[in-house]
Amino acid sequence: MPATRAAFRAVRADVEEFLFEYAALLERGEIARWPDFFTDDAVYQVVARDNAESNLPLGLIYAEGKGMLQDRAYALIHTEMYAPRYIQLRMSNTRVIAVDEPYITAETSYLLLETLIDEPTRVQQTGKSFDVIRRVGDQLLFKERKCVYDTVLINNCLVFPV
Amino acid sequence: MPATRAAFRAVRADVEEFLFEYAALLERGEIARWPDFFTDDAVYQVVARDNAESNLPLGLIYAEGKGMLQDRAYALIHTEMYAPRYIQLRMSNTRVIAVDEPYITAETSYLLLETLIDEPTRVQQTGKSFDVIRRVGDQLLFKERKCVYDTVLINNCLVFPV
Amino acid sequence: MPATRAAFRAVRADVEEFLFEYAALLERGEIARWPDFFTDDAVYQVVARDNAESNLPLGLIYAEGKGMLQDRAYALIHTEMYAPRYIQLRMSNTRVIAVDEPYITAETSYLLLETLIDEPTRVQQTGKSFDVIRRVGDQLLFKERKCVYDTVLINNCLVFPV
């Protein structure tokens, strides 16, 4: 059990560092590199908490495979459909739920803060991510990333990935 | 001193993991299990920062002993006095102040985010917890938990534990 | 590489603990001790993100040397130019960018929450700090601290250090 605790703790640090890198990339707006954080067969979805808790499959975003993420990234880069803004993506309360190498199951809270020019910073979205992360050599990659957001009334289009 | 630093660091990780589990339970709304995070003789209180800094004993919530926490949990579960909402309880900036096994004294910042249906997510409450945590075997339990909140104007009844 | 990862991880914990102490001091309002977190030749600046990304040198605050920080602290303590408020300074997503002992380069997200009496808590400012930290014996000190804030429309004077 102490061995397990120490092992879980090291994995928590791995996951935190991976998520912090992921957040930093999105904050810098480097959307083109966003799919690089996922495995080729990754499933990425963003779903409202009430749907998730009712086991409704309806999600705001559903992407299966890195190709779909690359399409999405391409669309985001080439469609200027939103006003310029800064975002900050805060990750916290990371809990490692299971470790079955090379897979790690973890839950993390996220907070997306958004600042439009000449407006105060506001909480754009808050939620939790349920991640299955695959260790590939020295690297971690999302195998599954399911973001469940509390914020139903999102003040703007949810085009930005979390 | 380096030994102390390493020991403090391991304890910080213990405390963080304990607090993250505690937050996850409250976020899932499992109030019935909330008292299980406390020792039988625990003291739990929630007090405004201005009162706390004036050493005024007046608190919004004061519970002595696990029985009082169980009563409170029961009341919360069986009284539908608040509109449905989602909450997120973020823990951060955990600092271990003293370690005198089996007791750990620690301070942590918390942020309670609240989302009512069809409303944007808002900061419901922000504050710090001053905790005395008791190690019981592999487990941690609150011996004392004092939450000091900055937010005097709470937009709704503070029935939800933090 | 694993050695590097373990070393980086220990440094991340060092930096987090240093930043949490720094935040706690500011939250308690102990401005007089604020300059003690900096080296004698430290450079401290607070700059808007759009300026920082355009490499414009214009900052809201620029202080070179501990003396200037002490002057600033003195002014803050002795000038009651702002309404009483509580602040909380949350540090998260700390990433160690480089370690070249005794210097550590790190990036951290910050969130300044502000509560005026009889008002709800609000996000006063959000941003990132780009820090060069110097290890001096057992202690860490800021050699450079550059805070880049997203929040251009700050609801009040930005007199409070971050």
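Note that the chains are named A, B and C in the order they appear, and that numbering of residues resets to 1 at the start of each chain.
The rule is short, and it goes like this: a residue touches a chain if its C-beta (ideal position, glycine included) is under 8 Å from a C-beta of that chain, and two chains touch if they have at least 3 such contacts.
If you're wondering where the values come from, they're calculated on a predicted model, not measured in any experiment.
S.K.: Call it same or different for chain B and chain C: same when shared residue numbers make up over half of all numbers used at their interface.
M.R.: Counting which numbers both chains contribute, under half are shared, so the two copies meet through different residues.
S.K.: Between chain A and chain B, how many degrees of rotation does a Cα superposition need? Round to steps of 5.
M.R.: The superposition gives an angle of 120 degrees.
S.K.: Taking each chain's centre as the mean position of its Cα atoms, how many Å separate chain B from chain C?
M.R.: Once rounded, the distance between the two centres reads 27 Å.
S.K.: If a residue has to touch 2 or more other chains to count, which residues of chain B qualify?
M.R.: Counting only residues that touch two or more other chains, chain B contributes 92, 122-123.
S.K.: Given the complex with chain B, which residues does chain C contribute to the contact?
M.R.: 13, 17, 20-21, 23-24, 27, 86, 88, 90-92, 113, 115, 117-123, 138
S.K.: Which of the residues in chain C end up touching chain A in this complex?
M.R.: Going by the criterion above, the answer is residues 1, 5, 9, 12, 49, 92-95, 107, 109, 111, 122-123, 125-128, 150-155.
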